[in-house]
Amino acid sequence: ACGGGQDSSANQSGGGSDQLTLGFSQVGAESGWRTANTKSVQEAAKEAGIDLKFSDAQQKQENQIKAIRSFIQQKVDAIAFSPVVESGWDTVLKEVKDAGIPVILTDRAVDSTDTSLYKTFIGSDFVVEGTKAGEWLVKEYEGKPDPVNIVELQGTTGSAPANDRKKGFGDVVAADPKFKIIASQTGDFTRAKGKEVMEAFLKANKDIDVLFAHNDDMGLGAIEAIEGAGLRPGTDIKIITIDGVKDGMQALADGKISFIAECSPLLGPQLMDLVKKAVKGEQIPTRVLTEETTFTQEQAKAALPGRKY
Amino acid sequence: MTSLTGRWPGLRRPQRKYIPVLATLSLLAVMYGVGAVRYEAFSDGQVILNVFVDNAFLLVVAAGMTFVILTGGIDLSVGSVVALTTMLSASLLQEQGWPPYAVLPFVLFVGALLGFAMGCIIHYFEIQPFIVTLAGMFLARGLCYTISTSSIPITDPFWTSMAQSKVRFGEYFVSPSVIVALVVVIVGAYVLSHTRLGRNTYAIGGNPASALLMGLPVARTQITVYAISGFCSALGGVLLSFYMLSGYGLHAVGMELDAIAAVVIGGTLLTGGSGYLVGTVLGVLVLGVIQTIITFDGTLSSWWTKIVIGALLFVFILLQRVIGARKAR
Amino acid sequence: MAEPAAILAMTGITKEFPGVKALSDVDFRLFPGEVHALMGENGAGKSTLIKALTGVYDIDGGEILLEGEAVRFTGPLQAQQAGVSTVYQEINLCPNLSVAENIFIGREPRRLGAIQWKKIHRRATELLRRLRLDIDASALLGTYSIAVQQMVAIARAIDISAKVLIFDEPTSSLDAKECEQLFRVMRQLKDEGIAILFVTHFLDQVYEVTDRVTVLRNGRLVGERLTAELAQIDLVAMMIGKELEVLEQLDEQPKSSPAALQDASPVVAASELGRDGAVAPFNLAIHRGEVVGLAGLLGSGRTEVARLLFGADRADHGQIRVDGTTVAVRNPRTAMAHGIAFCSENRRTEGLVEDLTVRENIILALQAERGWSRPIPRRRQEELVDKYIKALRITPANPDMVVRNLSGGNQQKVLLARWLITEPRLLILDEPTRGIDVGAKAEIQRLVVSLADGGMAVLFISAELEEVLRLSHKIAVLRDRHLVTEMPNDGVDVEHVMRIIASGAAV
Amino acid sequence: MTASLSGHMSALTRRRLFWPVTILIVLLLANLLFTPDFFKIEIRGGHLYGSLIDIVRFGAPLIMVALGMTLVIATRGIDLSVGSIVAICGALACLWISGQDDQNSVAGVLTAVGLALGLALVLGLWNGFLVAGVGMQPIIATLILMVAGRGLAQLITDGQIITINSTPYKLIGGGYWLTVPFSILLALGAVALAVALTRRTALGMLIESVGGNAEASRLAGIGSRRIIVMVYVFCAFCAGIAGLMISSNVSSADGNNAGLWIELDAILAVVIGGTSLAGGRFSIGGTVVGALLIQALSTTIYTVGVPPETTLLFKALVVTVVCLIQSPAFRAKVFQRRRRPSARAAAREKTKVEVAP
């Protein structure tokens, strides 16, 4: 296991035919989504013949910064990371730049004004995901004048996907006064919390038409709560979620979820391409969007068999 | 035991009370050695300096925690107070347009004040520190979110210069934060060993009832240590905001456990009354070196990282005990 | 009647604890330049009166005048600042700090805010020398025995140059030599005009050093007398407040009757038992019905001998035989399984669980023997506990009272009761009469005799040589962690044993 | 006399529980303002249904964990690893079931439960060994498993959420038995067992003794080590059951999030219930009330609609109020009663004894 570090330092400047070393700092393993993301990166690296130095930051930005510093010391050929937070990367990214190592951001952007600090950003746009969810809803209720009562299950308070999805969704539905978000609580992105909070929503609010959950897992938990209350998920209460993990797609296909905006974790292959190009010094676009779509119940049935995660 | 050592005056063995610290030190050296043998770039002196650079804020927080633990208390609020400080600093600098020289004393004051308030509740209302500081933890974290739920970048020139300037020694460097942290440790160690406040801290940890009957100012001391811890957390928060150049409500989640672990690994007893700040420095280094080894390895998946951290902690504490026990005989 | 003004006058002091009226309307006064004994049985309220004075307790009623001014201290700190320095009954020092620091903490000499450690050590060493205490001032206090700790506490109190000095049973763990040192210093302080309040259970000491006596009983004032005008028997009568027959029994010494005990094989025999750094290998045999007394100075290793026999510490050498067969005494549990019981000297740290009730503390060892799954039936618990509360006169006689709230002497009795109900074959008593009033002490002594008469083997440790001699059939003398000699108690006198202790030679 | 004494005792314990119970009731009443039928319990689909039932049902895992924690704390210990044990046990059980051809087979589910709880016992043994055998400070000893255990749980699930579809397993945390949620029955059973184990045998007293003064207990012949090990094993076992409940409730195992931070809630519940972190006396009834209080607090936050960014402030407020009101020192200082002046007057007609001149 220790050989890798020495190899890479030996041939760091050589480039060319020799194996590339990529330092990758992952946020953590806080969700199934994240794990799928990690796997995708690891597998793609293997496939592309890239030596991957993987580091788990356990959800702490300071750990990511430490990891990046140690990548510099280990003289890797390229660094990629999914920033835990948008802010606060300038210092360490300057150090990376001074060391002449190209940086690729995955999954999440940084808010640096100095865009020369990284080569590109590949990943999804959480605001857009929320917007897509909201747009579907608006379309679904087009022409129906009755008020629509929405409850929202937010992700972990303060996390970027929670903030952005709430914003994207909220902005769309705010345009029409018939949409009312009558309750909004955090469900910590987990099934257990999703269920618990939904149970309370159901008791406190008699008339819920729509549930918007910031990820599939909370939605899946909520489905159980809705069924427990003797209601039919997807029918009595429409459910919109984000992610598109296997269990979510299954529920969508089963008609329990009404709509999913995809947030794909499978960035690995795209990332490896970009890494190779960046190391060679080729020109690459500064923003690469993950290939993402949305799923209706029909589309889910079709897509389900090929779903990997 | 005392008379035993007395019998062989020629044999200069270390005083028994320093054994935990020495055991930690030697194990740390061994750990570093293993790292250096396994990973080539590891032996670079800068690696060790980076451990300081990357943990300066933890060091300051743990130093404050040491005071509290020495009295037999505990402070769970430190991580949240760190986060609150980053958030306050960021919002005051960026959104309210305060100048840095006003922000700095203000956030430090807020930290100390929070600690002071918790200390008062602990002392006057006789509520267990664990619970009071747990409430403090909720409070400070909650205050972060009332400021903002998203992160606020800091672009203030003073902050950026603190973040990006380097204190160089030849080819090596540390950040200004490291200097701040070391000053805190030195001042803290001096206070503990050479002032009444420090000695009263130990006395209360040894036996609070006795301390009271001996006529020591228990109230004042107990409240002061929490204020110190609050102050150190705030200072740690400032250093963290230098390090991250942002304020965020999710910063430093779980840092209280790191700080407690560092203090305890450094040989301080959680029951109070025994331990040294040097030990805490070593404890922080142990955590830092474990982290560094894992990053250098670079092959561990997320869960193996956790398992290996746990295992290394275990081996370390176990060996520390074995060495300590053997030497003490 | 040319009395000087009292430096301290307490009038009508009343203090109630939930369920106990510890003090009711007690008056007490103290004059400069006198040593004033505060006497009373266990639980009479002596310690409470002291704590009421120094502000540890809020009083429910009464008035305190210090030098003519009404005071109500908020706590020991304030009392100390006003010139009232106290050694409380439970030694109140910090075991985790050095001896010197314990003496000076809170009033360390400083320069520019920095503690002057050198000065502290120098002054501490001087002070200890003045008390003829030969210990290392820089060592941790916790490494020393209670007696040493007690002397350190006294040193601290004395050095806080106070107007009023209070000692709550300082001598209970001191041996004769140390008491002598203490009294010497007390007399000296008295001559300097300091007023000293002195609590003790030793009548001899009262007559040796005090000028005046105040007696409490059941939280009430019985009376205040000049020591010189009070016959010893009257003093005891005031304390116990009852029939003289008790007192007569007290004078009548329990008989030791060394029978043909030595023939049978000993209940417990140690051969070459020892522990490095604690006590050198020794031989000791204790027979059925025999009381063996351990004599020696403090720190001579008596407690260590007891702990080895009980398995509280692990022996490095030698072996223990019970009824002639070698047994492995690895820990207290195994010792108990062989019928050995150990009533430790330090009741607070090694004896009682202060937050449990009297009942729970008494049945603890018996329950431990039976294991957790076989609880002693409630009815049986109550019978046993009632019996011993009566037998040892534990007050208040409330089995559900938390032991922490018992007076010192009554705590000691609870500990004793714990071991008596296990009906051991060998009972090791380490300072069982420390801090116990005259009446109770006599009872415990009688108890030891009757236990031995009933066939129990007893190892008896006490700092009071007379007591050891009065009770033991056989005396073993320890000196500097060596068991130097063992002799039958046939007409041995105190002098003789003292000489052995002093010279180390088996004369 | 005995009767009156025990009567006195229970009055004391009742007083100790008075404040937490009062606050619990106040909290529930507060909900009534926002949700008029908050107290309504009905039978819906053959199940008891209502907010109060929810509180106990969702509180059941916390009750379990806090129950074990109570005994650990009574020995002056602490167990930070319970959250990880929750995750590990849920993960192992779900992994096993997901590997079955017939996920609904009772035998398969029982094996899964057995395996998971068996592992919990081993983990408890490990904690107990570190504390009692090696002599580590409990907080650090259990921190090791807290950190490593999360990794272990994720190792078991391979970082994914394992979803299962098993009716018998669903019963544990999400099912009903005779209209009553099964998890409530389980928690009740565990509480009853713990009470019986500690109060019907001498275990409770021995635990309190070890926690009150470990050295004195050793010298009284108590096998403190064995008791400490036992307590950690019991705690892990309770956490294991909680893990089964949590994973069963959502029919899936989430190695990362299951039981996250539950140790803090559990410790909080124990302390609110009147057990001191300094060890010694413990109160299982108090712990149950404490756990319910914490769960009621969460439910209140959801129903009252406290915005997520202020929930922590709200929690801080309630915790502070609960602890302050419970503190005798606080009550004495804030609602200071007048000193009784009668004491002296009453004692005037004492039998004053002569004082020597």
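The chains carry the letters A, B, C and D, assigned in the order they are written, with residues numbered from 1 in each.
The working rule: a residue touches a chain if its C-beta (ideal position, glycine included) is under 8 Å from a C-beta of that chain, and two chains touch if they have at least 3 such contacts.
These figures come from a predicted structure and were not determined experimentally.
Ranked by distance of CA centroids from chain B, the top chain is C. Between chain A and chain D, the centres computed from C-alpha atoms are 35 Å apart. The distance from the centre of chain B to the centre of chain D, each centre being the mean of the chain's C-alpha atoms, comes to 30 Å.
In this assembly, the C-alpha centroid of chain A lies 71 Å from the C-alpha centroid of chain C. One inter-chain figure worth recording: chain C and chain D are separated by 42 Å, centre to centre, where each centre is the mean of the chain's CA atoms. Within chain B, the positions touching two or more other chains are listed as 145, 149, 301-303, 305-306.
Shown for chain D are the residues in touch with two or more other chains, namely 154, 159, 308-309, 311. Under the contact definition stated at the top, the residues of chain A that touch 2 or more other chains are 29, 35, 38, 157.
Interface note: chains touch in the pairs A-B, A-D, B-C, B-D, C-D. Within the complex formed with chain B, the residues of chain D that make contact are 80, 130, 134-137, 139-141, 143-155, 159, 255, 264, 267-268, 271, 276-278, 308-316, 319-320, 323-324, 327-330, 333. Contact residues on chain C toward chain B in their complex (touch as defined above): 56, 75-77, 79-81, 86, 88, 91-97, 101, 105-106, 108, 110, 113-115, 117, 136, 139-140, 143-144, 156, 277. Within the complex formed with chain A, the chain D residues making contact are 34-35, 38, 44-45, 47, 49-51, 54, 58, 154, 158-161, 163, 174, 246, 249-252, 254, 256-258, 298-299, 301-303, 305, 307-309, 311.
Interface of chain B with chain D (complex): residues 121, 124-128, 130-132, 134-136, 138-139, 141-143, 145-146, 149, 257, 260-261, 264-265, 269-270, 301-311, 313-314, 317-318, 321.
Considering their complex, residues 1-2, 4-6, 9, 23, 26, 28-29, 35, 38, 42, 52-56, 58-63, 65-67, 69-71, 73-75, 84-91, 94, 111, 156-160, 162-163 of chain A touch chain B.
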